[in-house]
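Here chain A shows up in two complexes: once beside chain B, once beside chain C.
Up next is the complex of A and B:
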């Protein structure tokens, strides 16, 4: 699992997630991705084209991030999800509370 | 003390120490012996040379005395050479005045005295008495004797070869002969003094470097004048001795050099012993030699060696005993510790570990054992806690089996760890004749998931009893567990409500895996579920419910993702296809329990197909309801 964050311009970030988020990598994933909630009013685009799998713990991290961003006025969009990952987001209803394009 | 010698630590440690010390001692002993040997040999050389010097001076002066006595009295013989009666007086005075002299003669040359033979001879007769007589007779023709003949011929004073003087002194003697000459230089008489070799030997042997040293004096012709080496007859020489001893080349060479009047030292083997000798010339043409055996001058070294060896043996023994006892004392705690460790292995954790006063490795070991005992005790307590938690969790969910006239339900949870986050529950409402059931999966595993799971079950129990509407049941559960859910944990859940009168199934799927439905004709498919949000993620979410009309002979298979996401060693997943395949091959007449176990077994055999040690990585929950 690897997370890369690029600041495109002020308050605009591009994030690239690669690999699997499972029991072993969930804590690292959480530590990395929760840094995104440090800046209020940010616009965050997350490229999930190389995210192969996420367990329920990974979903929990996305939920934590979404809630945290909601509270400081930031926005987040997940992009280019692989079909099996998209399915997980759909089945669990996360598609309802997280913006997916 | 030496019990179990071969196997004990102390013995094994002591042995190399002893070997080391013994080798060290032996090496020291060897070098000390070598050093002392050299010192003693040097001393022997010095002592031998100084003894030779002293001896030479001493013997020379003794011989000189005899020569002087004769020379100084020769004028007296000259004065009364025609009065033989005076010879008595002269010779007896010579014998009387010189204790070394056993006899003295004035013998006339018959050629100068018209053929008259006269040899006046004074002889010491033991003690102070001195006899005198003319020893010239038919039996004793003095003209043929060496002591007379040789100085007559040479015309110079000579010392004779040693000889047994039969009829004269009757002992082995050497004679100093002084030729008396007239004005024309013709010898008219020989004036002699007999020197006892017994006396000379006692003088010579009074000076020697070592008690056992041998003194030799050789005449001009190499005969033994003094010989304390062995009993020799007067005619024997150093060469006859050498020939008797396998032509001892050293002694032959030494003999030759002595004859030439050379002074030197040598090493030889005498009577089987290595020996060191020195030799040098005497004034009268004789040679003197002193030989000392190595055995004698190295004797102190033997004493030193014996003392050192005794010290070595006693020292080594003491060191062995001290080492053994010390190591035994030091390692005693190790055997105590091993007993304690055996008790710990036997789960007896109340051991008092002996205190160690020294601040060494043994103390480190002791503290490590104590720490280990405490840790094991704590781990045991922890294990018991975990077992207790597992027991509690297994009792939170209802019985695995529920059978009624209309349906048959069987469920199981197989946690990946001691406790898990999967849950199932059911509850039949007799008043409404409906069966509520659910299968849930809390995000995460282990204790955090288990605690959250128990909260979800409690919430369901509370809420389902006071609500008639499955939609509101789910909404209420969500609102309850979402409230102040700081850790953002959530649970996916399939919640169903089966009307047992109409067989109509109302359900809400909150982000859970879609259950499988097996129709009476054996066809199996996933229930098409609406994507509702998982429970606990967000309050006030409006859940959509669904309806499905079932008929007799239908089977519902509700499960957690531990089934479809079971992994084998190739990292491939059990998957939904395989689940459907299994479901469609299910015989119609088997019970829910048999079906549940069959699915569990299918998942297990998949996960373990290549590697029996594959670890189950997620909780597995299966609930099957057969109508």
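Up next is the complex of A and C:
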């Protein structure tokens, strides 16, 4: 699992996630992605085109990030989800909670 | 200090004012904090609590006009002024009762200008109290002179506040000064605002009565008598009607349930044709098992151990659409309304429809239609 963050412009970030978020990689994923909540009022676009799988642990991390971003006036959008990843968000009802475009 | 051309007596009062200025500022701050805290603990919401200390120039103006009637600085009661602006007229009375407990009121100098209304009365007035801080309200390190300084407290509605500000802008000090041509128009305006205040109060009472009625009907289970809207849906959600299905779905994988708002579903339920809480209750009773079957088919066999509390209502809507003759296009429309139009919704509708085919949901559709 790999997370790359690029600052596009002031307070605008593009994040690229590659690989699988599962029990083995969830902690690293959390440590990497929670750094995004350091900048208040940020606009974060997460490119999931190379995210092959997310377990419930991954959902929890996205949820944690979303809560943290909401509290500091930032927003996050998940983009380009592969069908099997999108399905996980759908069947758990997380598509209702997390913004997916 | 600037020379305002005052006589010696007034000049001395003005000098006392200047030397007390820090105390006045402190007093204004204590009074505002005390009021805000009392309103908070009595859960009364107001549009604002504001305070001001008279400026030196304004003091000089006052002394120039009526300095002779003041023996000393203590006789001027409005150097510190604090105002509470309420939403509703009845809140003025409620707040005045609270304020009477917070401060010592000088009843001889306090006026309820609202009671001065008569056929020939002028304006749209507020309640004015002249107060002092009680000795016990000060902490040990605060200056005891703070309890000797009078301050004026005004309580008025937002509309009374508007009237007072607009009137102040005309530059006239009292109704007597106002030219007759203007007096009629100002009084017309005051009357209109008073009517508006009464009407807002009436609307609030109606809303409170309506919510009480809805709660009683919901508590008594008379769901068919309750029209579906934001108020009623919220009251219904307090009964946690989707909990049973959510828990059953969560039990499939011993999953944790993450609580999320179900209010976004209100507009969707209305668009689907649900009109009363009774309709929603029947949705749960009649389609609950099939919603569970759909979730079982989707979540069973995965290692997912977290779901959102919106899963039950989401799957209930999906099942209802399919079993009532809805097409893949209707599912797309549902997902578009729920999540905004995006390219995933078509794929998702197809996937759900395929699952419905493999379950008995589509057959039920045929039977229902």
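Odds and ends about this structure:
FYI, the second predicted complex is superposed on the first by the 101 of 101 C-alpha atoms of A that agree within 3 Å, B and C clash if a C-alpha of one lies under 4 Å from a C-alpha of the other, contacts with A are read in each partner's own complex, and residues count from 1 in each chain.
As a working rule, a residue touches a chain if its C-beta (ideal position, glycine included) is under 8 Å from a C-beta of that chain, and two chains touch if they have at least 3 such contacts.
Bear in mind the structure is a predicted one, so any value in this text is a computation, not a measurement.
Superposition of the two complexes onto chain A shows a clash between chain B and chain C.
When the two structures are aligned on the shared chain, A:31 is found in touch with neither chain B nor chain C.
When both complexes are overlaid on chain A, the residue A:56 reaches chain B and chain C alike.
Contacts of A:67 after superposition on the shared chain: chain B is touched, whereas chain C is not.
Once the two complexes are overlaid on the shared chain, A:83 sits against chain C while remaining clear of chain B. When the two complexes are overlaid on their common chain A, residue A:94 makes contact with chain B and with chain C alike. The wider contact with chain A, measured as residues touched, comes from C rather than the other of chain B and chain C. In this superposition on chain A, the options for chain B are 218-226, 254-262 or 560-568, and chain C clashes with just 560-568.
Residue overlap on chain A between its contacts with chain B in one complex and with chain C in the other: 56, 59-60, 63, 90-97.
Within the complex formed with chain A, the residues of chain B that make contact are 441-445, 488-490, 492, 510-514, 529, 531-534, 537-538, 541, 561, 617.
Looking at the complex, you find that chain A touches chain C at residues 55-56, 59-60, 63, 81, 83, 86-88, 90-97, 100-101. Put simply, chain C touches chain A in their complex at residues 255, 258, 260, 264, 295, 298-299, 302-311, 314, 338-339, 342, 344, 347-348, 351. Within the complex, the chain A residues that touch chain B are 23, 56-57, 59-60, 63-64, 67, 90-97.
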